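Questions regarding the structure given below will be posed in turn.
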Amino acid sequence: MTERIAYFNGSYVPESEVLIPFRDRGFVLGDAVFDTARTFGGKIFKLGEHIERLYRSLKAIDIDPGMTPQEMQKISEEVVRRNLSHLEEGDDYWIFQRITRGQNVVGGELWQSSGPTVIVECTPLPIKTRAKVFHEGIDMHVPSIRRIPPECLSPSVKSHNYLNLVLADLEVRDKGPNAWAILLDTRGFLCEGIGCNLFLVRNGCLLTPRSQYVLAGVSRQTVIELAEKLGIPIIEDDLLPYDALNADEAFITSTSFCICPARSCNGKTIGDSPLPGPITSKLQQAFAEEVEYDFVEQYLRYLSGK
Amino acid sequence: MTERIAYFNGSYVPESEVLIPFRDRGFVLGDAVFDTARTFGGKIFKLGEHIERLYRSLKAIDIDPGMTPQEMQKISEEVVRRNLSHLEEGDDYWIFQRITRGQNVVGGELWQSSGPTVIVECTPLPIKTRAKVFHEGIDMHVPSIRRIPPECLSPSVKSHNYLNLVLADLEVRDKGPNAWAILLDTRGFLCEGIGCNLFLVRNGCLLTPRSQYVLAGVSRQTVIELAEKLGIPIIEDDLLPYDALNADEAFITSTSFCICPARSCNGKTIGDSPLPGPITSKLQQAFAEEVEYDFVEQYLRYLSGK
Amino acid sequence: MTERIAYFNGSYVPESEVLIPFRDRGFVLGDAVFDTARTFGGKIFKLGEHIERLYRSLKAIDIDPGMTPQEMQKISEEVVRRNLSHLEEGDDYWIFQRITRGQNVVGGELWQSSGPTVIVECTPLPIKTRAKVFHEGIDMHVPSIRRIPPECLSPSVKSHNYLNLVLADLEVRDKGPNAWAILLDTRGFLCEGIGCNLFLVRNGCLLTPRSQYVLAGVSRQTVIELAEKLGIPIIEDDLLPYDALNADEAFITSTSFCICPARSCNGKTIGDSPLPGPITSKLQQAFAEEVEYDFVEQYLRYLSGK
Amino acid sequence: MTERIAYFNGSYVPESEVLIPFRDRGFVLGDAVFDTARTFGGKIFKLGEHIERLYRSLKAIDIDPGMTPQEMQKISEEVVRRNLSHLEEGDDYWIFQRITRGQNVVGGELWQSSGPTVIVECTPLPIKTRAKVFHEGIDMHVPSIRRIPPECLSPSVKSHNYLNLVLADLEVRDKGPNAWAILLDTRGFLCEGIGCNLFLVRNGCLLTPRSQYVLAGVSRQTVIELAEKLGIPIIEDDLLPYDALNADEAFITSTSFCICPARSCNGKTIGDSPLPGPITSKLQQAFAEEVEYDFVEQYLRYLSGK
Amino acid sequence: MTERIAYFNGSYVPESEVLIPFRDRGFVLGDAVFDTARTFGGKIFKLGEHIERLYRSLKAIDIDPGMTPQEMQKISEEVVRRNLSHLEEGDDYWIFQRITRGQNVVGGELWQSSGPTVIVECTPLPIKTRAKVFHEGIDMHVPSIRRIPPECLSPSVKSHNYLNLVLADLEVRDKGPNAWAILLDTRGFLCEGIGCNLFLVRNGCLLTPRSQYVLAGVSRQTVIELAEKLGIPIIEDDLLPYDALNADEAFITSTSFCICPARSCNGKTIGDSPLPGPITSKLQQAFAEEVEYDFVEQYLRYLSGK
Amino acid sequence: MTERIAYFNGSYVPESEVLIPFRDRGFVLGDAVFDTARTFGGKIFKLGEHIERLYRSLKAIDIDPGMTPQEMQKISEEVVRRNLSHLEEGDDYWIFQRITRGQNVVGGELWQSSGPTVIVECTPLPIKTRAKVFHEGIDMHVPSIRRIPPECLSPSVKSHNYLNLVLADLEVRDKGPNAWAILLDTRGFLCEGIGCNLFLVRNGCLLTPRSQYVLAGVSRQTVIELAEKLGIPIIEDDLLPYDALNADEAFITSTSFCICPARSCNGKTIGDSPLPGPITSKLQQAFAEEVEYDFVEQYLRYLSGK
C-alpha cells in the first residue's frame, strides 16, 4: 500500500518525506499556528471558516504564510483529493494546515528566521478508538492546572503551544479511559479541554463558556447556530463545576467528535436520562443534517455488538 | 567543508539528517523540554547543572528520556568533541539537549505517543552578531504582553512553548537593534526576557526577580554565587520598572551573554556611569575567572576598530 | 405553652431535643448544607424550588441525605403543619432543612464520618424586629472584607460556612440599626449580603449582580420573573458601589424580607423619591400577589402608630 | 467502661451530654473558633502556645469566651487529667477547645446571639489508623479547588469553616489511602492541607510555604525552631508543585503527626532515598527529644510485623 | 483681541484670571472632578447628559459643588455665549466644568478643606491639529501599563487623576503622530484610551468594551443609540487585542472626535477597506445628523489640498 | 504680618502670588510629582534623600524640572530660610517641592505641554491639630477601597494622584477624630495610609509592609535604620489585619508625625501596654536623637494640662 500524500513547502510528497529540520521555530519554540477541519464521507466541512480562523491566528502572531487563503484552501482540497483512496470504508480525515515562522538562523539573533514552513496533511480520524467514549459519554474532570489567561496568550490563536493542555490531560489519565480534562480559567470558571469546547443544558437552555477564554471552535459555532435554528436558547456565560455537575445534560464539541455526550463531572453523574440526553440528541441529529452525514452512526458502528 | 554532527535517537549523524517527523509532539504541541549549556574556549561550563535541570523539567512533565543523566552528559560531551574542529577561532558552542514525548499515534488518542525523541546538538554562538549590543548595552523594553503565570505553566520547565516570549520580543523589535523585551509577570513585576534573567544594582546591592516567576538560569545562579564570594549583597525580590529605570546599573544574564550590561529601560538611561558599570564589570571579571575564559574580550574583538 | 416540633434524624421531637453531638461535622467543620423557605399566612412558598436547590448543594459537596427530594418536601410540610398552632396572628415561619455529613469517627481519619444528620425545623420570622428597617429602608455599607471567590467555594452551595458573611456584618454594625453589609467580590464588584441579594433600578431598568458570584436566591428569581411579567427590563451585570449610590432605587431580596427597599449606600442617599420607590413598590405589589399575601402590611403593622 | 469527660459551658460532663442546640451559630454558620494541642505520653505539649493562638482567633472574629487564657488552660489540663485513665497503652489525646458565638435569637436579627458556647474535650489520636501512612509516606495530590484567600478569611483564624479543605480532600480520596490533598492558594502556590503544613528539603535546605497563606501550625513552628538549632537553613517561600516533586525530601507537620514523610507529589516519587529521608529523620529525632516522647515508635508499633 | 471668559467661583472673568491657589486639593491631590461637552457650530450637544454625569461623579466622591445641576447648566451655557465671538470660522468649543474640594487648611488635617472651587471654561477644539489623524486613522497601540481597576477607583468618576492614562500615552509617543494608547484592564482586555472609547466592527456587528471597566462616554452612548436606530447589532463585551487587529473596522469615540476611524492595532492593519469603513462611515453620517453638523467635513477641511 | 514666601517658576514671591493657571496639567490631570521634607527646630531633615526621591519620581514619569537636584536643594533651603521668622515658637515646617509637566496647549494634542511648573513652599506642620491623636494613638481602620496596584501606578512615584487615598480616608471619617485609613492592596494585605507607613511589633520584632506596595517613606527608612542600630529585628513582609489587631504594638510613620502610636485596628485594641508601647517609645527616642529634636514633646505640649 502506498503512503498518504502531504503538501510540504510547495510540493506534494509522501508523508514520510515531511520532515522538519530541528532548528525550525515551530519545533524549538512552538512558534507556529495550525488549524484543522474534517471530512464527512470524504467531503470537507466548513473549510473556508477554518482557513479564515487560521489567517486570523497568523495575523495575530505576525507570520506571513506566503500564500493567500484561497491558495491555502485549494491546497487543502488537493491534499484530501489525493488521499481519498486511502480512506477506509466509514472513516474520515482531519485536514491540518500548519505554518511555522521558519528556521532559526545559526549565528543570528533569536528573532531572525528563514521564510515560513507550510504543511498541509490529512490524518485519519480516531473513530474506532473513540467509539466507546462516544457511546458511553465522557467523564469530565477538572485538573488542578489552570488554562493560560488571555493576557499572556490569546486562546483564539491555535498555536503549537499546547503543553498547558497536555499537562491538564495527564493529570486526569488515571480516572479511566473516558476521562477528559476540562480546565478552569485563572478565575475558576470552566473553560475548555484539549481541542474541545463544553456545553451544558439547564432547563432547556444551552450554556457554554464565553468565547474570550476559549478557542471558539467551528463545531461550537455550528452548534450555536443549530440551536438558534431549533429555537433552543443559547447563552455564553461564566460557568462553574457546580453548574456542570448539576446540569441536565452536557456534551463537548470538537472537530472530530462533532457532539459527544458527557456522562459525569468530577465523578458525579450528570442528569437522569440515558445518553445522549434529549437536547444533545436533537443537536446531534441537526448536526448530522448540516454535514449531510450520520456521524453518530459512524462512531457507533465500531461498538461490538453493533 | 563537512557538516556539524548531532546526536539523534541513538546515532551521531550530520545535522542535515536530524529531521523531525511532522507528527512529533515536540513539533505539533510543543510537548518537549530542552536545556542548553555553552562552551568557553571549547570546554563545556556546568554541564552537570544543566542536565540536572533538564531532568527536573522531564520529571515535571512526565517524559521518560530513556537514558540516565550520566548518559545524557556523555552524549553531550561527545557531540561537542565531534564538532570542535568546526569551531572558528574565538567562537564557541551552545549545546542543546531536546527531548520530546515522541510522535502522535495515527488513529489513537491525543495522549498516546511513541517513545521519546532525543536530540543533542551544538550551535555556534552568535558572538559576532551580538558584539555591538554587548558593547553598547541592552535597551530593555517592557511589552504589553505578560509572562505566563506559574499556576498555568511552571516557569522552571524549559519547554518548547516559547510563543509567549516570542510575541513579547516582536512587540519591541521596532525599538532598535539593541532592544530586548523584559516581560512583567501577571502581577506587574519584572520577570524575564526570552532566554535571559535580569539584575539591577542599587546602592551597591544586587537585585533580581524572585525565582518563582522566572526560569532561574544557571548563569543567574553563577552570578549569585560570585556576588556572595565578592561580598556584594544579593536580594531576590519583586521589582518594578520604576526600580529598573532608577537603578545605578543593570544587566542581563544568559548562557550565551554570561553578563551583558543594560543601558536603558523603557527609553530612560540607567545610571550615570559608562558601561559596564563598576559592579557589572566586577562580576564580569569574576565570571571570566570562574569559566577560565575572557568572554568579554571574545565579544568585543568583533567590534570594528577593536 | 408547648414547644415547637422539629424533625431530627427520623423523628418529630420538641425543638429542645434537637441536640447535635459535638463531633458532628456540621458543627466542627461546617460540613453541612441547608436551605430555607418561608410561609405566607402559614402556607409555604416555592418549597419545591428550595428543595431542588438543597439537593444541588448536596450533590455539589457529595452528601447523601438518605431520602428523596419528595420525602424531604413531605417532612418539611409536616413540620410546618405541626407548628402552625404556635404561630401568632400575623406571623410566619422560616422552614430550614439542614443536612450534615454526620459525625467524625473517633480514632478514624478526617474524611470518615457516620451517616448524615438531618434536621427540618421552623423558626418564627423576625417580622417585628425588622419592621423599622423594612419601613425606613436599609443602609447598605460595603465592608473591607471580600466575598469568597467561586474558585474556592461555589457561592451556590448554601453551606454552614458563613463566617465570611458574619465578619462582613460585624464590620458595619456600628453604622446604625439599619446597616446591612453588601460585600464586594474579589474583583471589586457588588455581590451579596448575608442571606440577601441586591437589586438596583436605573432609568427604569432593573440590575442585579451576576449569578456566578452570589447565591441566587429564590426571592431574587421570583423578582426577575415578576419584572419580566411587568415588562421591566432586567439585566444581570457587574455592578460597582458607584452604580448603587447613583441608582434611582435599590432594594434587597431575601426569603424573609421578600423585597426591602434600601435608602442609602456608603452613607449616600439613593434616589430622590420617598421609599419604596415606584418600581420597588410595583414589584412589592406583584410579589404580594404572587404569594397571595400582603407581606408589606405584615411588616408595617408592627410600626408604632400604624 | 465509663465515658470520657468534657468541659461544657461551665461543667465537666460525660461526652454524650455535650450536645449543641441546633440554633448554635457554631453549627448553623460555622461562627466559632477552635484550637487543638496533643499529649505525648499523657503530657500536653505547648498548651500555652495553642491557647494564645486560640485567643488571637477569638479576637480576630470578635468572640468573647468569657474566661481568661489562664482559665482556659486550667480547664484543658483538667479535662486531660480526668480522662487519662481512658487512654490505652501507647495512645494519646488531642485536646480541643471550641468557642462559638452562642445561639441565634429566635425573632432577632442575624447578628444577635446569646453568650458563648465553650467546649473543651479530648479525643484519642488516630495513631493506629495512621500507622501505615506514617510508615509508607503520604502521597500529596494537588486538587483543583483553591484555598480561600486571606482577603476573604485570614488563614490564621482556626474556625469552624473547613468546607473548602473538606472538598479538597474529597477530590483526592480515590488516589488511594495514603493520599492527602495539598491545596494551592489562588496564586497557584502550594499552601496547606486539612490540618497540616508542608515542608520540602532541597539541597540541604528546608522550605515551607509563607505563613501569610496558611495556618501556621505549632508543629510547623516547632520544626522551624528545631531546624535552626540543628543548623539546617529554613526558608519560608512561595513554592510550586514543581518544587515539591523535584524536592529531595518532603514531609508534612500536624499536631497529630508531628512530622510525617511524604513519598510522592502528583504521582511522582519524591527523592531517591528510603523514607524518612536523612533530614526528615533528623528532625523527627529532634522533635521526639523536644517532646520527650518517641512519637515515631508510637506510630510504627501498630504496623503488622513490627 | 480680548480674552476668552470663564466662570470662576461665582464670577465671569478673563481666563488669565482663573488662577488656582497652590494649596487647592484639585491641584495637590487631584481631588476634583470634571466633565466636558462640546459645541457643534456653536451649539452645545447633550449638555444635560454631561452635567448629570458630572453630578454622579461629585456624589461618588462626596463633593458638594454648592449649586444645582440646573445652575451648572446655565453657567455653562452662559460661558459659551460669552465666548462665541472668539470662535473662528469652522471651529468649536470644549466646555469644561471642574469642581475641586477646595483648599487644604494650613495647620489642619488632611481631610479638611475650604468650600469647593468651581470653574467653567471653554477651550477651542484641536480640529486643525487632529485633521490628519482624523483622515488617516488612528494607530492603536497597547502599552504595558494597565488601567486602574474599578476596586481602586471607579472608571466612571471623571476626576483629576489621569496620570495612569498620561503614562500610557507617553509609552506609545514614539510610534508616530497617529499613535494612540488603548490600555488593557488588569484582566488583559481592551479598555479605553485617554478621553476616548473603542469600538470594533466584526461581521456587521458593533463591539465595545463593557462599561464597568471604562468611562462610558456620552459619544459612546450616542453611537450605541445610533447603531440601534440603524439596526446595527451592538454588544458590550470583553475584547482582546486579537479581536481588534482581526476586526473588519475599528474606531474610537470622544467628545472632540465624535467618531474617528482606527487604521491599525499594534502595527497590524485593520480590515481591507479604505477609511472610514462602511459601518464607521454610516455611523459618522448618523452622528452628524444627530448633532446637526458635519463634523467630518469640519476636520477634513484643514487637510492640505482639501 | 507679612506673608510666607514661596519659590514659583524662578522667583521668590509671597504665597498668595503662587497661582496656577487652570490649564496646568498638574491641576487638570494630576500630571505632577512632589516631595516633602520637614524641619526640626527650623532645620531640614534629610533634604537630600527627599530630593533624590523626587528626582526618581520625575524620571519615572518623564518630567524634566529644568534644574539639577543641587539647585532644587538650594532653593528649598532658601525658602525655609526666608520663612523661618514666620515660624511660631515650637512649630516647624513641611517643605514641599512640586513639579508639573506644565500647561496644556490650547488647540494642541493631549500630550503637548509647556515647560514645567516648579513650586517650592513651606507649610506649618499641624502640630497642634494632631497633638491629641499623637498622645492617644491612632485608630486604624481598613476601608473597603483598595490601593492602586503597582502594575497601574508605581506606589513609589509621589504624584498629584491621591484620590484613591482621599476616598479611603473619607470612608473612615465617621469612626472618630483619631481614625486613620490603612488601605489593603489588591491582594488583601496591609499597605499604607495617606502619607504614612505602618509598623507592627510582634514578639520584639518590627514588621512593615513590603516596599513594592507602598511609598517607602524617608521616615520609614529612618525607623528601619534606627531599629537595626538598636538591635531590633526588622522584617518587610505581607501583613494582614489579623496581624495588626493581634500585634503587641503598632505605629505609623510620616514626615510630620515621625512615629505616632496606633491604639487600635478595626475597633480592636492593640496590645496591653499604655501608649507608646516599649519598642515604639524606644524608637521615638532614637528618632529624636537622630533629628536632634524632641518631636514627642513638641506634639504633647499642646495638650491641655501639659
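First chain written, first letter: the chains are A, B, C, D, E and F, and each begins at residue 1.
The definition used in the following text is that a contact is a pair of C-beta atoms (placed from the backbone, for glycine too) under 8 Å apart; a residue touches a chain by one contact, two chains touch by 3 or more.
These numbers come from a predicted model, not from an experiment.
*Asks:* Please report the smallest number of touch steps linking chain B to chain D.
*Replies:* So the least number of steps between the two chains is 1.
*Asks:* How big is the gap, in whole Å, between where the Cα atoms of chain B centre and where those of chain F centre?
*Replies:* That gives a centre separation of 43 Å.
*Asks:* Counting only residues that touch at least two other chains, what does the list for chain E look like?
*Replies:* Within chain E, the residues that touch at least two other chains are 62, 146, 149, 151-152, 157, 184, 188, 241.
*Asks:* Write out all the pairs of touching chains, ordered by chain label.
*Replies:* So the chains that touch one another pair up as A-B, A-C, A-D, A-E, B-D, B-E, B-F, C-D, C-E, C-F, D-F, E-F.
*Asks:* Give the list of chain C residues in touch with chain D in this complex.
*Replies:* For this pair, the touching residues of chain C are 6, 8, 15-16, 18-32, 34, 61-62, 98, 101, 106-111, 119, 121, 123-126, 128-130, 145-149, 151-153, 157, 159-167, 169-170, 173, 186, 194-195.
*Asks:* Using the touch rule from the top, collect the residues of chain A that touch chain E in their complex.
*Replies:* Interface residues on chain A, with respect to chain E: 56, 59-60, 62, 149-152, 154, 156-157, 210, 212.
*Asks:* Under the stated contact criterion, what part of chain D meets chain A in this complex?
*Replies:* Touching chain A from chain D are residues 142-144, 146, 171, 174, 184, 188, 241, 266-267.
*Asks:* Which residues, counting only chain B, touch chain F once they are in their complex?
*Replies:* Of all residues in chain B, those touching chain F are 184, 187-189, 237-242, 245-246, 268.
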